[in-house]
Amino acid sequence: MSTRPVLTDEQASEPARQLFDEIRKVRETDFVNNFWRCLANDPGQATELWSRLQQVMKPGALDPLVKELIYIAVSTANSCGYCIHSHTAAARAKGMTSEQHSELLEVIAMASATNALANSLQVPVDDCFNAADAG
Amino acid sequence: MSTRPVLTDEQASEPARQLFDEIRKVRETDFVNNFWRCLANDPGQATELWSRLQQVMKPGALDPLVKELIYIAVSTANSCGYCIHSHTAAARAKGMTSEQHSELLEVIAMASATNALANSLQVPVDDCFNAADAG
Amino acid sequence: MSTRPVLTDEQASEPARQLFDEIRKVRETDFVNNFWRCLANDPGQATELWSRLQQVMKPGALDPLVKELIYIAVSTANSCGYCIHSHTAAARAKGMTSEQHSELLEVIAMASATNALANSLQVPVDDCFNAADAG
Amino acid sequence: MSTRPVLTDEQASEPARQLFDEIRKVRETDFVNNFWRCLANDPGQATELWSRLQQVMKPGALDPLVKELIYIAVSTANSCGYCIHSHTAAARAKGMTSEQHSELLEVIAMASATNALANSLQVPVDDCFNAADAG
Amino acid sequence: MSTRPVLTDEQASEPARQLFDEIRKVRETDFVNNFWRCLANDPGQATELWSRLQQVMKPGALDPLVKELIYIAVSTANSCGYCIHSHTAAARAKGMTSEQHSELLEVIAMASATNALANSLQVPVDDCFNAADAG
Amino acid sequence: MSTRPVLTDEQASEPARQLFDEIRKVRETDFVNNFWRCLANDPGQATELWSRLQQVMKPGALDPLVKELIYIAVSTANSCGYCIHSHTAAARAKGMTSEQHSELLEVIAMASATNALANSLQVPVDDCFNAADAG
């Protein structure tokens, strides 16, 4: 069930099929996952997002695995089942060990608990946390 | 403004003061932030949480800075202003560079955008993401 | 799977069946969707909600399609799969075009991204946004 | 208080100042709001976002005021105070009347309530909502 | 700062003032809090909500203090600072003890942590939790 | 589908099996639900959480059924389908009546609606809600 059709290669428009081919080439696999097949109902939107995603997730000041862990953390807090699944698979493909997965879960759970406590207590932010002079 | 008093050292009970001293010793600073001063209205609860937090955030399969980045990501998605402030300060203290901060923001923004897209499209999870056999 | 039974016409109490009939009459279809069949375990609660929903969603200063788009936006951010599905179907029934759906998705994704950025940066609200004098 | 400095014109780097000038020109006002002053700590990130935001919010299949209403709805559900303030001001500048504001609030409140009900009841999605054949 | 004016008695329209008087009578205090002063920009909306709120929060199968605790729990998870403050004050006025407040915080924190774990693990719901036959 | 295997008794490690036995003994049933079977991929993490959960949910200043209602409220707002299901079942096992379930839903829906209104209006917190002197 989805709110827009999950396009097979046959149902996809020409620009959508070109995006699928690009995804296959970059990822070195014939598999194209449902997110892109669904987003490709608007091929321009899908193609632009794919391009930006490649930019954001590439190695930089943070390494790609760390970026995947951050992605999983956000997706968990936003309760996005699809992204939790796809980025946990991506993290595993980039070398996430079982120990790292356990620690990721522990930090996410701890942050969720203290977020709730700080929100429920409405703790005033300490002045020293202001970044006005952090440069 | 808070929903429980932010305790000064003078207002704190004996067990709360002992926790403040422990925090000072571990962090090597005289400063005790408002979260602990507010949570310490129940000293047992505060002390147990402090102890678990030390366990979760210590170096392990993930390094402490990566754990702070994950913490910021969760706190942002949960819209917890206090935790965003305190853990951004903690990440900076653990060496987060300005470039790393920028990339963290980019991954959080990208994840938030695609979470919304996948949720709004209700994309069905691909079978291959199932971890049943992941061990 | 649901936390209360999804009532068939046969299982429904007399007041629940009356609500189902009212829904059929207003919508000019024999179909009654699961939300009302599940909520009708408390017929009074379901009937009152149905009545208020008709009030809120009727044409007014905003037209009904715009109200459906707003409904989808909220449901997406709240990660409510059921409401995303039912209100996307409702928006389509009220004339939402494929182009409008694409732009809705773009605005939702952009808002989600900048919400995350503004929250993570804890940007202070500019004084000029205060509505004190907006009348 | 913010987690990165809110840059004055004097503190801003050359590319950040160019962005501020561009914002002033497009909006026909000397005022540059804090979101851009804070994001501009990474001028490349800020400039790219500004450019995309102009694309997303311009007139299209949906008119600019409707896009602002959707933006407010998402920001409310995500509890982003800054974006609620800035986009309510933007909606007013684009002609949102007091009656439209009231109806926006009513739809947001109704959607939030039924999201909670559908989530708490875990209502199964009706088959007929599937968009597989929606084209 | 608010997105609609917080109306003083002088600024309020006649129907808004009548609502303020009703609130004062029911609560037996001269104080009218900002939520109603802000919502009263649309007196009809405010009056209808006040009336429903009285219905929902009155003694029933659940006692009023338990209802306030549930209210605080939802408001915390939704990160609504205003409602956390006002309903914590209301709970205290209805007799919430310091011990009960501590336990409320513990349950909220535990639920938040396990919500995150179950979401991040995407645990499949056990068949036996289905309420199909719960009546 | 899950992001870590749901372990059968046969697949579970020795410490995981010991936890399953402990769960069976405490709950006086042979059934072990998927949450623990999935979390038990890290037996230490699962065992520690189980132990804390027993502490938090035991009778205290709040009775166990009230704690379950609070748990459902948080899980609903966090959109955690698994926890909504498991804790609604737990509440029913602890005596939640149909009337109590209806009132729980009403309070959750009302809180969700007013959270959205207060957030969208950005209502400033009244000074009198400050707990500075609440002791």
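Order of writing sets the labels: A, B, C, D, E and F. Residues in every chain begin at 1.
The rule we apply is simple: a residue touches a chain if its C-beta (ideal position, glycine included) is under 8 Å from a C-beta of that chain, and two chains touch if they have at least 3 such contacts.
Since the model is a prediction, treat every value here as computed from it, not as a measurement.
Enquirer: Count the residue numbers both chain C and chain F use at their shared interface, divide by all numbers used there, and answer same if that is over half, different if under half.
Expert: Interface between chain C and chain F is built from largely different residues.
Enquirer: What's the rotation, in steps of 5°, that superposes chain B's Cα atoms on chain D?
Expert: 120
Enquirer: Could you grab the centroid distance between chain B and chain E? Build each centroid from C-alpha atoms only and quote it in angstrom.
Expert: Their C-alpha centroids are separated by 26 Å.
Enquirer: Residue numbers in chain A touching 2 or more other chains?
Expert: 1-4, 6, 74, 76-81, 84-85, 88, 98, 102, 104-106, 108, 110-117, 119-122, 125, 129, 131, 134-135
Enquirer: Touch graph of the chains shown: is it line, ring, star, complete or other?
Expert: It is complete, because no pair of chains fails to touch.
Enquirer: Can you tell me which positions in chain F touch chain D when the two form their complex?
Expert: Touch residues, chain F against chain D: 72, 76-77, 79, 81, 84-85, 88, 104-105, 108-117, 119-122.
Enquirer: Along chain B, where are the residues that touch chain F in the complex?
Expert: 1-6, 125, 127, 129-135
Enquirer: Mind listing the chain B positions that touch chain D in their complex?
Expert: Residues of chain B touching chain D: 79, 84-85, 88, 98, 101-102, 105-106, 116.
Enquirer: Going by the contact rule set out above, which residues of chain B touch chain A in the complex?
Expert: Interface residues on the chain B side: 1-4, 6, 31, 33-35, 38-39, 49, 52-53, 56-57, 60-62, 66-67, 69-71, 73-83, 85-89, 92, 97-100, 102-104, 106-108, 110-126, 128-129, 131, 134-135.
Enquirer: Going by the contact rule set out above, which residues of chain F touch chain A in the complex?
Expert: Within the complex, chain F contacts chain A at residues 1, 3-4, 41-42, 45, 74, 78-80.
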